[in-house]
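Note that chain A is present in both complexes that follow, paired respectively with chain B and with chain C.
Our next item is the complex of A and B:
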């Protein structure tokens, strides 16, 4: 017997499922285990990976800025000047080298960096730029019983 | 050095400006002598390209990210130099070593400021029928 109507009950989800999932599997190619082979696991991890990539773009900039700042501070300490004083004095002297360049010079061109610290030191003396010292404890709130005496 | 912001009196006093000038002129002469005799050695420069600063020297390969007009194969000269260094001296630009471009300036004298026509009755203008704005 031939059931000619049965075939009408087959509902096609669409011909593109393979390629739709292939897009995800391509992004998951370097993942571990089932995360690169099984779609429902892969899609979750691919979404997380994309979110991390988006957030990472900002973090990368912050990380590098921090690294450069650490290196410049280290170089400044060797020449006995504070980082903030150094940068402020350079800016006021119209020397507009950025952190990346200053860190490069501190690592690879020590004499040039020394010259810059000297310029900054002279300018700091001229302008009266000093390190902001700790102001210490400003107010102490006493709790508990206060004996009146 | 001109003080930009501070009015704090300087803790030192310039006694003899001539001597100071002689001292720094001597340094400049030494530098010029080295350059003229080509004894300065390998130079490095900090150059400003496409909004970013690069520390470069001869033979370097640099990646410039973003839109940049020059094509592959063009020979160009990078003129915005912030710092040049050699073995014995450094030239620090404030902010650039040498002014390399001139923006054209034009002086205008304003002869007259006047209101033509009455307020709310502007003079008729012909020839704008085909305009869309």
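Our next item is the complex of A and C:
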């Protein structure tokens, strides 16, 4: 006997389920335990992983910028100049180096970095760039008209 | 996406035994061009074989080029390198310019780099010319001969005036003012 109605009770959601789930399992390959083998658990963790990855892209840039800034500040402190004064003076001297290169110079080419601090010091003295202590910013005290008496 | 959990092999850029520093040896050993004589998807490959193949072979005497006409199969470039890597590139519906580009990529590669993640896009054997920073780089060498305890070097770094000094200053200033008024 042929039972044609029984087949209608099979609830198949489509032929592509295997590949749909495989996409998720590929991303979950390195997870622990059921998180890599059971779909409903895996999908939750994969979504979280993707969110972390998105957030992490920005954080990575921030982390590195912070690291470089710390290193430059350390180099500046050794040569008696403030970090913000240093950067402002370099910009005004048309030396447009970013934090990455400055940090690399401070670590690997310390004498070049020293020369940069000296350039910055001279420019800071010329233009009156100092640190306003309470606000912590670089304030420029422009000299009044230099009267030659 | 972060790469630490991925099962890709990763490493730094290297050249096999400092290739190029002294002598340059082309790392591509042989190249097999498979194509169909009839099918349209191999047209670019056939055009390349007609026009650019002989020049490629002449310019690269160290690379052995094989041609394999295979009926009812897509056009494929299969490459073998000196370190034993094998790589194949599907050339279905490629133009002859694309095939030229892929061949020049294979020619300049040192192995199959498809499953390989480069951790840094740079490499130097000499990252520092002036010498890397050490805590002793900007220290006066006479500090080596100092006998401790040393009173001068043990003093704290004076960043601000102490309260005592400020009071003394105020006192002296007021003294001076008093003297002026007198």
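Going forward, the second predicted complex is superposed on the first by the 131 of 149 C-alpha atoms of A that agree within 3 Å, B and C clash if a C-alpha of one lies under 4 Å from a C-alpha of the other, contacts with A are read in each partner's own complex, and residues count from 1 in each chain.
Everything that follows uses one rule, which is that a residue touches a chain if its C-beta (ideal position, glycine included) is under 8 Å from a C-beta of that chain, and two chains touch if they have at least 3 such contacts.
Quantities reported herein were computed from a predicted structural model and do not represent experimental measurements.
Set against each other, chain B and chain C touch different numbers of residues in chain A, with B touching more. In the superposed model, A:112 makes contact with both chain B and chain C.
In the superposed model, A:19 makes contact with neither chain B nor chain C. When the shared chain is aligned, chain B comes close enough to touch A:123, but chain C does not.
In the superposed pair of complexes, A:78 makes contact with chain C only, with no contact to chain B.
Contacts of A:30 after superposition on the shared chain: chain C is touched, whereas chain B is not.
Once the two complexes are laid over each other on the shared chain, residue contacts for A:53 go to chain C alone; chain B is not touched. In the superposition on chain A, A:9 contacts neither chain B nor chain C. According to the touch criterion, the shared surface of chain A, contacted by chain B in one complex and chain C in the other, consists of residues 108-109, 111-112. The residues of chain B lying in touch with chain A in their complex are 1, 3-6, 8, 10-12, 44, 46, 52-53, 55, 82-83, 85, 90, 92-95. Against chain C, in their complex, chain A makes its touches with residues 29-30, 50, 52-53, 56, 75, 78-79, 106-112, 114. Remark: chain A residues 92-98, 100-101, 104-105, 108-109, 111-112, 115-116, 119, 122-123, 125-129 touch chain B in the complex.
Contact residues on chain C toward chain A in their complex (touch as defined above): 1-2, 5-7, 127-133, 137-138.
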